[in-house]
Structure formats: C-alpha cells, structure tokens
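Note that chain A is present in both complexes that follow, paired respectively with chain B and with chain C.
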Partner chain A sequence: MEIKKTGVAGTMESSDIIVRIEPKETEGIELELESAVMQQYGRQIEKVIRETLSELGVTKAYVNATDKGALDCTVAARTQAAAYRAAESTDFVWKFGGVK
Partner chain B sequence: MSRLRRSMLFVPGNNPGMIRDAHIYGSDSIMFDLEDSVAITEKDAARFLVYEALTRLHYGSKELVVRINDLSSGLGVADLEAIVRAQPDVIRLPKTDSAKDVIECEREIERIEREAGIPVGKTGMMAAIESANGVLNAREIAFSSKRLIGIALGAEDYVTDLKTTRSPEGIELMFARGMIVNAAKAAGIMALDTVYSDVNNEEGFIAEATMIRKMGFDGKSVINPRQIAPLHAVFTPSEKDLMKARAIMEAIAEANARGSGVASLKGKMIDKPVVARAQYLLEMAERAKTMTVEDI
Partner chain C sequence: MEFYPERGVVLSPERLEKTEAFLAGMGLRYEGGADYTVQLVSESGEILGNGSLCGNVLKYIAIDERLQGEGAALTVVSGLIEEAYRRGITNLFLFTKAANEMLFRGVGFYTLAATREVCFMENSRSGLARWLSSVPKFECVTGAAVMNCNPFTLGHRYLIETAASEVPELYVFVVSEDKSRFGFEERLELVRRGTEDLKNVHVIPSGPYMISKATFPTYFIKDTANVESIYASLDLTLFAQKIAPALNIKRRFVGTEPYCAVTRNYNEIMKELLPRYGVEVTEIERKGGISASLVREAIDRCDIDTLRGLVPESTLDHIIERYF
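== the complex of A and B ==
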C-alpha cells in the first residue's frame, strides 16, 4: 500500500488514539509516539502500529500517534483507517475472524 | 429455551471507550452502531473499530449485534463485507420497508459467508421498521427470512414519516407497536421496542417499558446504561407471579396424574393457555437467573 498524502484517524478522547500517517521518500517506518501510559504500554502500542502497517504492506511512512489509553483493537483500527485514508484506497481486506 | 433480549444497549461504533466498557452494564445484548450515531466522514473509521473490537475483545455470553447502514445508502454492503467476517451474533438492518430489503441484505450476507468459509445461515439478522410503509409491511418482513431473530420499531424516523412527534404516552406509536408485535409473534420471532430518549425521566421510561411488556414485546433498545436495571425489573417476573405460576404447574401436574387435562386452582379453571403462560413465566425467570449469574 502506497501512502500518497496525509491520513489521520482517531480522536483526543479518553481510550482513543490519533494516528497520523504521511508519505516518506525512503524505505522504513519512522514512528513518533506520545502516550500518557508510555512507560507501561509504549512498546506494545508501537508494536501494534508497526504490525498493522506491515499487514497492510506499508513500508514507507512517517507516523505520528498521540495515545489516550487506547486498547490494542483501537490502535489497530485507527492505524488502518489512517493508512487507507493516506493511500486514498477503499480496497479493504477483511479476514474471517480477524487477525488475532 | 430462546435467548433473553430484555435490553439491547446502543453503543456508537466510533467511540472506543464505550465499545470497551459495553459489557459491564449487564444488558442482554450489545448493539454496536455504524448508522445514525456515526458521522458520514467517520463511517470507515467506525467500521474498522467495530470489526477490530468484535474480533479481538471478549464480551462473554452477551449477544452481539451490529447495526449496519441500509443498503440504499451505498454504505451497507461495505459494512457487511467487514461485519459478517467479524461474526457478531446478529446484523441489524435499519430502515426496513419491505421483505425485499431483508432478502437483498440476506443475499449479500450469504455471498460473504460463502466467500469467507462461514457456514451459510450462521449470521442472524434483525430488521428495524422505521416508516409508515414498513409498519404496513410488518407481516411480510417478519416472515421474510429464517435468519430473523426479531423485528424492531425505530420510532424517531417513524414519527418523522407520520409528520408527528413523540409523546411521553406514546399514543403516536400504538398502531406501529401493535402491528410489529403481532407480526413478530405470528412469525414466531421476537418483537423489540424502540428507545426511550429522555434518559432523565425514569418514571416515564418504566411506564413505557411496563406497557410494551404488557403488549407482548420481548425487550427494548436502551441508549443509556442507567435504563438497563429498571428495564430488567419490569421484564423479570415478580415473586408473587412466580408463586402463582408454580401453583398452576403443580395443579396441572396433579390433574394430569389423575388423567385430566383441566384443573382448578382456588376456584379458577386452569386450562392449556393458562399453563402455557405459567410455563413461559417460569422459563423467563430461569433465564433471567442464568444471565445474572453469568454477569457476575
């Protein structure tokens, strides 16, 4: 999936996360994360974002995320929404039973 | 024994906090909404969120329902592509005007089940009737698919269609409620009532719940967790009613032992319909007890 423009999803409400994805010229995901629970969950949030982007085939992007205590499912959902918006794509791939 | 559906809690599909907490309030069913509570610009985000929640979170034995956008909106099929694969118990179709709406939705569900390798027929459906035309077609809607677990009234759109407004007494909904409950019972499925929007008026809410139970409805949608406990209280048989029901069952058992199908209790005749009602009441109480134990 190619990131063509800036895509944003999520809100600043409690239990949510805002994920902002921007195009990047070179390979790699450059991730900036801000979270109130950075100490306990920072690594896990980053893992979910990176895994979600990898499943979508996003290999080049700047990602900026501000977390407000989101669960993994919310982190994944907001990352997907931001990525599809940034790729200007509606070619969604839904798997039976989801990715567990 | 069929499932209890006294309360169906509406949860906006783009609200992660409410999605996370939805199971703690004790409603019989949880309904994640992709339709009216989600802004048009956030439909994609809500779809991702509900899909991820359904496939990653555990809601225990709660019945999980998703309200999709109607097919004519251009969003409904996209909702189904995601939601059928996430496998909630039931998909709620809004704005159902005719049997054709249900059949078209079912065709899409069946196609997706086949594509995804889900056993055909596994996904349940319910249809919300929200227009004058839909109310007049309640019977054909109720009989339109074996997947239907129930039909529901959506009052806000319905009163708009009638060019009236909602009142505390609900006089404007009498015909629709009567049609829907009769159609549902004729088809052997559940009748589910609309929301009561004034969350601060508990007295009005209880009066409405008492009335719809009396009419034969099986439950009601709720928009605030505060409405769940009073609703369950209305739909749970009282100890007095249960004692009477037990006495009826004992009296008929004695009569049957004597070779008679008719008994009397305190001078009143007990025949088949009286026994059926007593049995239903005892079953309801038993199911309510089971739900409460599971919630703990």
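== the complex of A and C ==
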C-alpha cells in the first residue's frame, strides 16, 4: 500500500489514539509516539502500529501518534483507517469476528 | 466546576466582546484571525475556556483557573487539532509561554525553540529534520542570508553578490509567507531569476522554520514594548541551534538598516546571539537609495524609469508583464 497524502484517524478523547500518516520518499517507517502511558505501554503501542502497517504492506511512511490510553484493538483500527485514507484506498477487507 | 464545550463558536459582535473580555482577564489580547474557535462555557453562559485555530497556528488558548487541570485544556486543544485535521491542515504550530510547554507535549506538540519568554512548537518531532533534508548540503563552510525580497531589487542583488564572494556556498532563504504584496512563489521566482548567474548561490524557501515577523503572534506577551526583541530572540535561537549546525552555516549576512528601528534592533540581537553559536554576522552596507518599498511606490505610479534604476531586468520584465 502506497501512502500518497496525509491521512488521519482517531481523536484525543480518553481511551482513543489519533494517528497521522504522511508520505515518505525513502524506505522505512519513522514513528513518533506521544502517550499518556508511555512508560508502561509505549513499546506495545509502537509494536501494534508497526505490525498493522506491515500487514497492510506500508513500508514508507512518517507516522505520528498521540495516544490517550487506547487498547490494542483501537490502536490497530485507527492505524488502519489512517493508512487507508493516506493511500486514498477504499478496498478495505472487513474482518468479522474481531482482531486476531 | 461544570463546563460545556462549544465547538465552532461563531464570534458574533456580542460573543466577540465577551471573548475579548475573557481573554483580557487571562492576560491575552485578541488580535483577530480566528478561523475556528472552541470554548468552554458554564451553565449560565459564562466563558470559562477558549482556543482558536488561525490558519495552521493554534492561538488564544486560555482556561479559567477554576477549571485548570488537564481535562479542560485538553478538550479545547484536541477540538482545535481534530478540526484542523478535518480541514486538511495537518502541519500545526503554536507559540506559548514556556510554562505551558508540558500541556502541549501531551497533545503531540514538540518544541522547536524556546527562549525565556516564549516557546515555539510543532505537531511533529521530525518536521524540521524533514525540511533540512530537502535543503542541499555542502562539505564546505557555508553562509546564509534570510530575505523577504518584496520584490527582488538591485539592493538584494548587491547583498547576495557581495556575500557570495565571501563564502564558498551561500544559502538565500526566502521567507515563506503570503502576507507581502508579492506572493511567496512570485518572490522566490524573482530571486531565482535574478541570481541565476551566481553558481554558488542556492535559493531556498524558508519553510515555517524562519519565523516571519508578520506571522509571529504577540497576543500573549504582556511586555508589549519588548515584543520585537522577543520575536527576534526566538527566530534567531531556532536558526542558531537547529538550522545553522545542520547546514554548516558559519556566517550570516544582513544588510545595514538605516531607517527601520525594528529591523535595526533585530540586527543588533543577531550580532549578539549568533556568535555565541559560532556563526559570524556580517553587515553589508546597503546600496543607497534602493528599497523594495520604493519599488512598490513606483509600481503604483506606473513609473518605469524609476523602476529601471531599482530592480534588475528580470524583476522589471515581471512587473511590466504582471502589473502594468
């Protein structure tokens, strides 16, 4: 999936995360994360964001996320939505039965 | 205390008056330009919190002491950020008192530069690095001049030519804001055309990282007499700490300023501040009788003969084509 423009998803409400994905010319995901629970969960949030992007085949992007204590499923959902918007793609495959 | 968020507040004359009074009570001056405003109000309609989006800058953020604590401020600021994103404005900036830095860290803003009085923040940690990576780099020592060029005159040409003869490579940063008579793209193009023959001159858009005096908000500065100095220190601190080292800039060139006290003050602060970071400041004697404001006056009079003595041919051609 190719990131073509800036895509944003999420809010700054408690238990949510806001994810902004921007185009990058060179390979690699450059991630900046600010979290209310950075100490305890910073690494886990970063892992979920990176895995979600990898599943979508996003290999080049700047990612900026401000977390307000979101659960993993929320982090994944917001990352997906931002990536689809940034890729101007609508061919989302709905996964029923929850996130793996 | 109970409060209710109101998003997209319409600042009718009456509401504006109340808002101004609230901000004044918080030590802020409303100076216009709010595109979108979020307020917190009490049950009786009293304003308890405010924040506005002005282009890509967050302004007028104030919370009544009775509500202070992260919740209220977060409601205002996140309301502004979310609306900015909805409008497709994703690169955001703000200027704040140093005391509020932590609040904005919590909503994803990072400090670009800070002085004792003011802190300049962006909603990205890598924004500046990304801009720097778009600028050509050189192994050798470089020099820099930051110019508005509204429009490009023979005076600008003289300054650039002189500076370029003193350093192996010269960056000319053209201020990227559209508050001048000549638009940014237009100014940039005229500088490029007017310096084409100088091979060691690199004309670069300043991006948002060289703060324009026209866009620097002063509404939160109590010490109005020193606004100009506060602005100058912030802009020059960012240049000295982050931009100059990344581009190996060891000299900064500036024209002498015989008329404008504000620019003269800026130059004085530059001479004091930059050498502390290893950047030598060179003032170049201004070419007598040439200024961009004389050019603009001559355009208004359609006075081509005067223009001929003020601007290079490339600028003259453009003016005739565009304004006559």
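In this section, the second predicted complex is superposed on the first by the 95 of 100 C-alpha atoms of A that agree within 3 Å, B and C clash if a C-alpha of one lies under 4 Å from a C-alpha of the other, contacts with A are read in each partner's own complex, and residues count from 1 in each chain.
As a convention for this text, contacts are C-beta pairs under 8 Å (C-beta built on N, C-alpha and C of every residue); 3 or more make two chains touch, one makes a residue touch a chain.
Just so we're clear, the structure is a prediction, and the values are computed from it rather than from any experiment.
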item: First, second, both or neither for A:Glu30, with chain B first and chain C second; value: second
item: Which of chain B and chain C A:Trp94 touches, first, second, both or neither; value: first
item: Greater residue coverage of chain A in the superposed arrangement, chain B or chain C; value: B
item: First (chain B), second (chain C), both or neither touched by A:Glu13; value: both
item: First, second, both or neither for A:Arg85, with chain B first and chain C second; value: first
item: Which superposed partner A:Tyr62 touches (first chain B, second chain C, both, neither); value: second
item: Which of chain B and chain C A:Ala77 touches, first, second, both or neither; value: first
item: Overlapping contact positions on chain A, where the chain C interface meets the chain B interface; value: 13
item: For the chain C and chain A complex, residues of the former touching the latter; value: 74, 77-78, 81-82, 85, 88, 90, 105-108, 110, 123-126, 130
item: Chain A - residues contacting chain B, complex; value: 9-10, 13-16, 70-74, 76-78, 80-81, 84-85, 90, 92, 94-100
item: Residue ranges of chain A in contact with chain C within the complex; value: 6, 8, 11-13, 18, 20, 22, 30, 32, 34, 36, 62, 64-66
item: Residue ranges of chain B touching chain A (in the complex, touch as defined); value: 15-17, 19-20, 44-45, 48-49, 51-57, 78, 81-82, 85-87, 116-118
